[in-house]
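You will see chain A twice below: alongside chain B first, and alongside chain C after that.
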Partner chain A sequence: MIRTKRFVAALRRTPSDVKRLFQEPLLLMGIVLVNVFLFLFVVLPLFKIFQLSFEDNGRFSLQVFVDLMSKRYNVQPLIHSLTLGVAVSILGTLIGFIFAYAITRVNIPWKRFFTVTATFPIIAPPFMMSLSAILLFGKQGFVSKMILREIIQFKIYGFWGLLVVETLTYFSTAYLTLYGVLQAIDPALEDAALDLGASKGKIFRSITLPLATPGIASAILLIFSQSLADFGNPMILAGNYTILATQAYLTIVGMYNMKGGAALAILLLIPSLIAFCVQKYWVSRKSYVTVTGKPSAARIKVDRSLTKYSIFGLCLLLASVIFLFYGMILFGSVVKLWGANHSLTLANYAHVFTIGWEYIKDTLILSSIATPISGVLAMIIAFLVVRKNFPGKRLMELVSLLTFAVPGTVVGIGYILAFNQRPLLLTGTAAIIVLLFIFRDIAVGVQTGIAELQQIDPSIEEASTDLGADSSITFRRITLPLITPAFYSGLAFTFVKCMTAISAVIFVVSGKWNLITIAILGSVENSDLSQAAAFSVVIIIFILLALWLIQFLVNRLGGGRKLKFEKAESLQSI
Partner chain B sequence: MKRIKRVAFMSVLLALCVGTPLLAGAADVLHMYTALDPNEAKVYIEAFIKDTKINVEWVRMSAGEVLTRLKAEAKNPQVSLWFGGPSTEFIAGKKEGLLVPYKSPVGAPFLKGNLKDAEDYWTGFYFGAIGFGNNTNWFEKNKVPYPTSWQDLLKPEFKGQISIAYPYTSGTAFTTLATVCMVMGEDKAFDYWKKLDANIHHYNTSGSACVTQAGLGEIAIGIAFSHDILAKGTSKGYPVKGSFPSEGTGYEIGGLGLIKGGPEPELGKKFIDWTLSKRAQDLMQVWFRIPLNPEAEIAAGATKAADVKLINYDDEWAGNNNKRLIEKWRQMIGK
Partner chain C sequence: MNEAYLEIMNLSKEFFSDYQEEKVVAVKDFNLQIHKGEFLTLLGPSGCGKTTTLRLIGGFENPTRGDIYLDGAKINDVPANKRDTCMVFQSYALFPHMNIYRNVAYGLEIKKLPRNEIKEKVEKILDLVGLSGLSNRPVGQLSGGQQQRVALARAIVNEPKVLLFDEPLSNLDAKLRIRMRIFIRKIQQDLNITSVYVTHDQEEAMTLSDRIVVMNQGAIEQVGTPEEIYARPKTKFVADFIGKTTNFVSGEVLEKDGTAIGVKVWDKILRFDRPNDFHKGDKVILVVRPEMIDLSAREGMFAGQVSLVTYLGSEVIYEVAANGQLFTIQISNPLRQGTFHRGDKVWMVFDVQNIFLIKE
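Right, the complex of A and B next:
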């Protein structure tokens, strides 16, 4: 009784927006539910990892790290991962910059073609590049055996192989980030310099490059974390160059050592979180880009033939390398037995659609369940964060972003630790895979939603409220239709990520539920390269079909707006 | 239109709340983990379904992964049977208390000695010896004889030409590690492996992967089980030929066993009985495994126990020293 009185008293003292919450039970319920879900499926798994690593007989202890770092087989992967991450991020950003500069600043032909080439790696399963590297440059590779006739031996297993495939996979991130940055630089600045007599080279050095520097730093940090989190490529191509993400997996799966695996996961988490925080709270604040909204004059593009054609040639070279890699997968998928019998056959596709069908079916079912849930949840979070005031709002946004900063391997380990006993017994079920899909990439949906909502005048929603609608009706009838493009972009992004996920889900797949990516990894491991290639082609076809379907829905429901899929990806950097 | 959106919205919310405990389960389905190659496991499992009308849901994992998974699920076993994998792994499983005994009446007449667990916690169903899978093209081109002893593998001409799996992820590689310990004595064996490491191209996670790599010419020699060398190399059309060490080689008894607290123990027992029958043991010809049932047919060209010099492989010792040997190996090799 006294407690109730106190509660009521406390309620009277609370600020008005909290009081308002109690007047709208549905809104309150929504906030509570979202927080509960975020706590359970984002915070709890991470907490479990920390708990397992730092707790020794109920007391805080760093013993496990002392043990860990005293062993050569743990220290090496850490050094390797960081070295590789730095190398990939610098090279990837350089290539991304060349593409972005060429498309925004130089008058080159075939821009559409280059844009597609530079963004294609986003929708392809990340480890496809490794598979292709073996098909091209392995000892039986297309280039090494058939073209160069074994004159040159490529060392593809290890650092150099990983550097090439990860650069080709992740430069897209740099391209999208830098494209946005370069596009946003006000042409008036460059025009003014030109009028004052500066050369194109001088403008590039003294205006474009300095203004793009925060973008470049962003791109480097983003690629660095992507490289750290990469699991599929090192699994296939690392050879003796051991990498943290795969070592954490092998420690748990091969050595049955949960504690050691969790500790390795933390070693992996720390540099990722540092990169994320530096990028989010330091680099992105240094942005010099000013969006005025004023229609500015068309940008004058570099048109001097020497510069123009050397940049065009460079882009063409890079694009052909990318084409070569993906084309090889297509070719590999119709070869009978790679390396021994190169007659053409469709038998690999027959295998994919018979033995592999279970994997495809499961992947499609689970992705299709997770995608809309993740999309709606992301929009709800975005709506709450932008439009509503409640205690813990910032924290909610941060937690929803957290999923993005944490490498998949860490999340996967967290999930098996958190959900393998009652009352949260989920291991072995479809639910754990679906939940992982939902919360793994929700950050992108939330960020797209927030960006879209901030551009919409709140008075439209206020009008709805004034006319007597409550928050849920306003959200459903006004907000959601207004942010449909962001919603569908989020859907497309999530679906692609579900179809190509591997690093986290590899820990939670089970007898009843399995995924195509896992099947591909198994095929590559057994050197059934043609089979793996056929599986990869099928994944890409399903992804393209799904993107087409979502675009079709946007056209029908969203009034013909263009799907901003690329925007969703580039928003990672915001 | 609005209604559709509302219905869609509500159903998504509903799915979010209700969909969480998405548990599926049906009667008369046997759930199992298998460490056999999926293409091979499919042959046996489909024949079992045809013969008994019992449905099977199965997942393939390496033997080490099966053990980890069973340990993680010990409080709530998801499967009833562990099908395939070397006996050493089953011995580790028995030690962890993950298995329950079952004495198959079908196997009783011929499963003697180390072909099964003394207390029937696991049952053997095939035999296979460790050997070297050699890429014939490489050996012809370099005019080098095939390796015929453990010492041969240390020859400088094989630098970067040998592949095997990590002993901690693969039953094949661990059997090899235990074998050299038994052949040379533990200390010498680790000195040996330190030298061998210089010749290793890279370590795989799966034991049989090196056979295809040898077939593809990525490496010259893969260390694997004889049946894998034949099934994944020679019989597939790769230029691979097996050879065996003259000092003697180790072997595996492939096993299967019932999971403690598994949901379908009776179906699991039926599967064990079926696996030991002549009908099932005949099928093992597809993978060149040597069946334990003496009435079963053996594939032409398969490596029988009498064909190679075998050591007295002590799988109890190997199983009981698994953790220690692996830790020592990792400390030394640094991987």
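Right, the complex of A and C next:
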């Protein structure tokens, strides 16, 4: 009954909106184009996977899943992925919370240092941790061989290794989410509890923690999906502990079993989508705090020496571990032959810039093409979703945010299925990589744009309309300049993601167009660890250069606003 | 003058809220004619539909039913950016990334006027609003009053057929508000711009307007000059909404002749010269403004007892309990008349000549 009423209401509301659209052909064209793009490059690839795995001789069938589930080696990756995901998300959230709490609530020294340490993993290629784990604890590892002289053997290949590296990689997400949430809790609430006689411990248990609970749930779900989607680390470190993302890849590339790979991809997609929906439609609605970025009154910080120094010690310990891992990459990159000859050399870098230059060039070119397109498209979508009224608006928003929820492996498989034949024959071209880059992470740009726009008084844009501007002029001259910070944050985020992408693009790279991350994976597989380390360092240098460049542009054009890159990441959870 | 310049016919606007399936009627069967050069105010409590009406005129909302004519042409289907109306927004809505000059020039640039003509017009308007010399200043560095002037300049520089104001003074402090409203009225009269102004502040409406439209729940309660609205309210809502605290007294028409009616109020019969509007037996309400009652120690019309005295210097506000009702009474010039105290027995004398009657 309510549904029909809503339907009737929607019908009656639509005509005038549609009439409006036809008065602005440019706006109408924009909406149609965005929808076509989203359909082709987000919906169609997913549809192809479903089609391949559920269709048997033109009829709906679950046969492929029956086949999959009947074999132990196929069921195992599912169990492994879920187990790992749960473990990583809990551990990662705990570490993220410790950092976030220490920085927002405790009067510890070296806050900037800890902030940088806690956010650095975001810009590093995600599989660097695995590489470092091998450098440290592998057969030829620095710790296992040089320090402990092979007395203890570490089992880094498998669950424990993955747990450590994924936790160290993804706890940043939890940190940023929880930093935002803890910062946004009104200090007056905690002051009120203190005023009513609560101790610091009591305040933590009865005020801070309950208010942060939705944030904690968010962080857990986000890390869970990130762990599920992780491809680089398991490729290097999984050993016999097979997981879905890599198993789907190996099924397709190694066994040429498209149907089986697609089915595994769906098994991977389902828990990711569930986590996304729970986070987006349930947890975020429970939130008590809204992140407005409004400066709040000074917060009374925990300053009792015992609490303070134990938390400081814990942070220091975690930071040292992170430094040890990244430092080992730096060290590994200047060593002649890891495990055998530890004399220093720059030969690895020479190799990177000669033999590896093709990879670097391709990566830089493709990322530089994709980044601005993705950024502008994201802002256009955000503008349409927040400010315009047209049928199918909610669907457009959902589809553009969907890209965030779908693991890269699934997207990659979808792309090869969707674009391997005419009229959309794209496999082997640079275009398919660029398109993948554009749509892979557009959700973050859209999300940041939406959040920024919602803070801007709509009457500013109405004033522009009132003074005679149509939607396209208003977007170009008013909206875009006003959401510049979000725009640049989106650019920075997208560029980093393009430079470090691996899970989806590994399906669509070709001899002609190849990427640096794939080269690193190759080097690791050839046990050329020093080479891989040098490549990783170079990626990070290029990323830092690009971030610096974008920040420079913001300073020059954006009136000195601070780049809210960290905000872009933490917004995923809002 | 009597030809309608902006005409609104049977205008209705219904919204469908996103989550509840209920229909919300924001404006219903709104009819109004506005003359050229007139300053008209839409006045009413929040949620009465006044802003929606303004946004319908500006083209920001589409009417569910009804038509809007401007200068003889129907403008229902003309989008906001093609409509010859300009709005001064409540939040000013200045473009924060542009300076004063760029803000004011924006509309002219979109009309693709020649550069030197734009410059000329902008400078003339900035001079008019008293901001000449500041044209390069970023709007973020302006005071509230200056921002208000920029918003006004940005709208009038386009020489719109109708100027719309959406509670433009609500973000200013009390003193500045009074200065700005005199300023707005002067400029409006100098340029003879037809204006529609939305406010919930009756004092603002009274001082600014040629005519006031009092709105309630999406519909018009009364249209009239400030004096008509105050002295001769048509409904109890208008009587109550306009003025400070108005006293309402029930009565019944007992007798009627050619020149007057006799209304029974409690134990007295008061005579009003309104024979044409009421019949014998009608229940009526007396609209008694606080200044329409005089207090006296000598026996008068109705006996009462003072329950609260608020001394304001130039006047005293009394609260008097009489016949189970509380009256608010304003006595000017207390120095001459002397004051009563809490608990004093007093007599109220109604200024029957000025008291207005409405049907219950």
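Throughout what follows, the second predicted complex is superposed on the first by the 553 of 574 C-alpha atoms of A that agree within 3 Å, B and C clash if a C-alpha of one lies under 4 Å from a C-alpha of the other, contacts with A are read in each partner's own complex, and residues count from 1 in each chain.
By definition in this document, a contact is a pair of C-beta atoms (placed from the backbone, for glycine too) under 8 Å apart; a residue touches a chain by one contact, two chains touch by 3 or more.
Keep in mind it's a predicted model, so treat the numbers as computed, not measured.
**Student:** Just to be sure I read the superposition right, which of the two partners does A:D457 touch: chain B = first, chain C = second, or both, or neither?
**Tutor:** second
**Student:** Examine A:Q23 and indicate which partner it touches, taking first as chain B and second as chain C; both and neither are also allowed.
**Tutor:** second
**Student:** So, A:T173: does it touch chain B (first), chain C (second), both, or neither?
**Tutor:** Neither chain B nor chain C is touched by A:T173.
**Student:** In the superposed arrangement, does A:L482 touch chain B (first), chain C (second), both or neither?
**Tutor:** In the superposition, A:L482 contacts chain C only.
**Student:** More residues of chain A are touched by which partner: chain B or chain C?
**Tutor:** B
**Student:** Looking at the overlay, what does A:V376 touch: chain B (first), chain C (second), both, or neither?
**Tutor:** First partner only, chain B.
**Student:** Looking at A:T465, would you say it contacts chain B, chain C, both, or neither? Reply first, second, both or neither.
**Tutor:** In the superposed model, A:T465 contacts chain C only, not chain B.
**Student:** Using the superposition on chain A as set up above, list the residues of chain A that contact both chain B and chain C.
**Tutor:** Overlap of chain B and chain C footprints on chain A: residues 477, 481.
**Student:** Considering the complex alone, what residue numbers of chain A touch chain B?
**Tutor:** Spelled out, the residues of chain A in touch with chain B are 37, 71-73, 76, 138-140, 157, 235, 239-240, 242, 250, 252-256, 337-341, 355, 369, 372-373, 376-377, 416, 420-422, 425, 427-431, 434-435, 476-477, 480-481, 509-512, 514, 522, 525-528.
**Student:** If you look only at chain A, which of its residues touch chain C in the complex?
**Tutor:** Chain A residues touching chain C: 2, 5-6, 9-10, 12-13, 16, 19-20, 23-24, 457, 459-460, 462-470, 473, 477-478, 481-482, 559.
**Student:** Which residues, counting only chain B, touch chain A once they are in their complex?
**Tutor:** Residues in contact with chain A: 2, 5-6, 8-9, 12-13, 15-16, 19-24, 31-33, 37-39, 42, 57-60, 62, 64-65, 67-68, 71-73, 75-76, 78-79, 166, 168-169, 200-206, 208-209, 212-213, 215-218, 232, 236-239, 326, 330-331, 333-335.
**Student:** Using the touch definition up top, name the residues of chain C that touch chain A in the complex.
**Tutor:** 16, 21, 23, 58, 60, 62, 77, 79-82, 85-87, 89-91, 93-97, 106-107, 110-111, 154-155, 158
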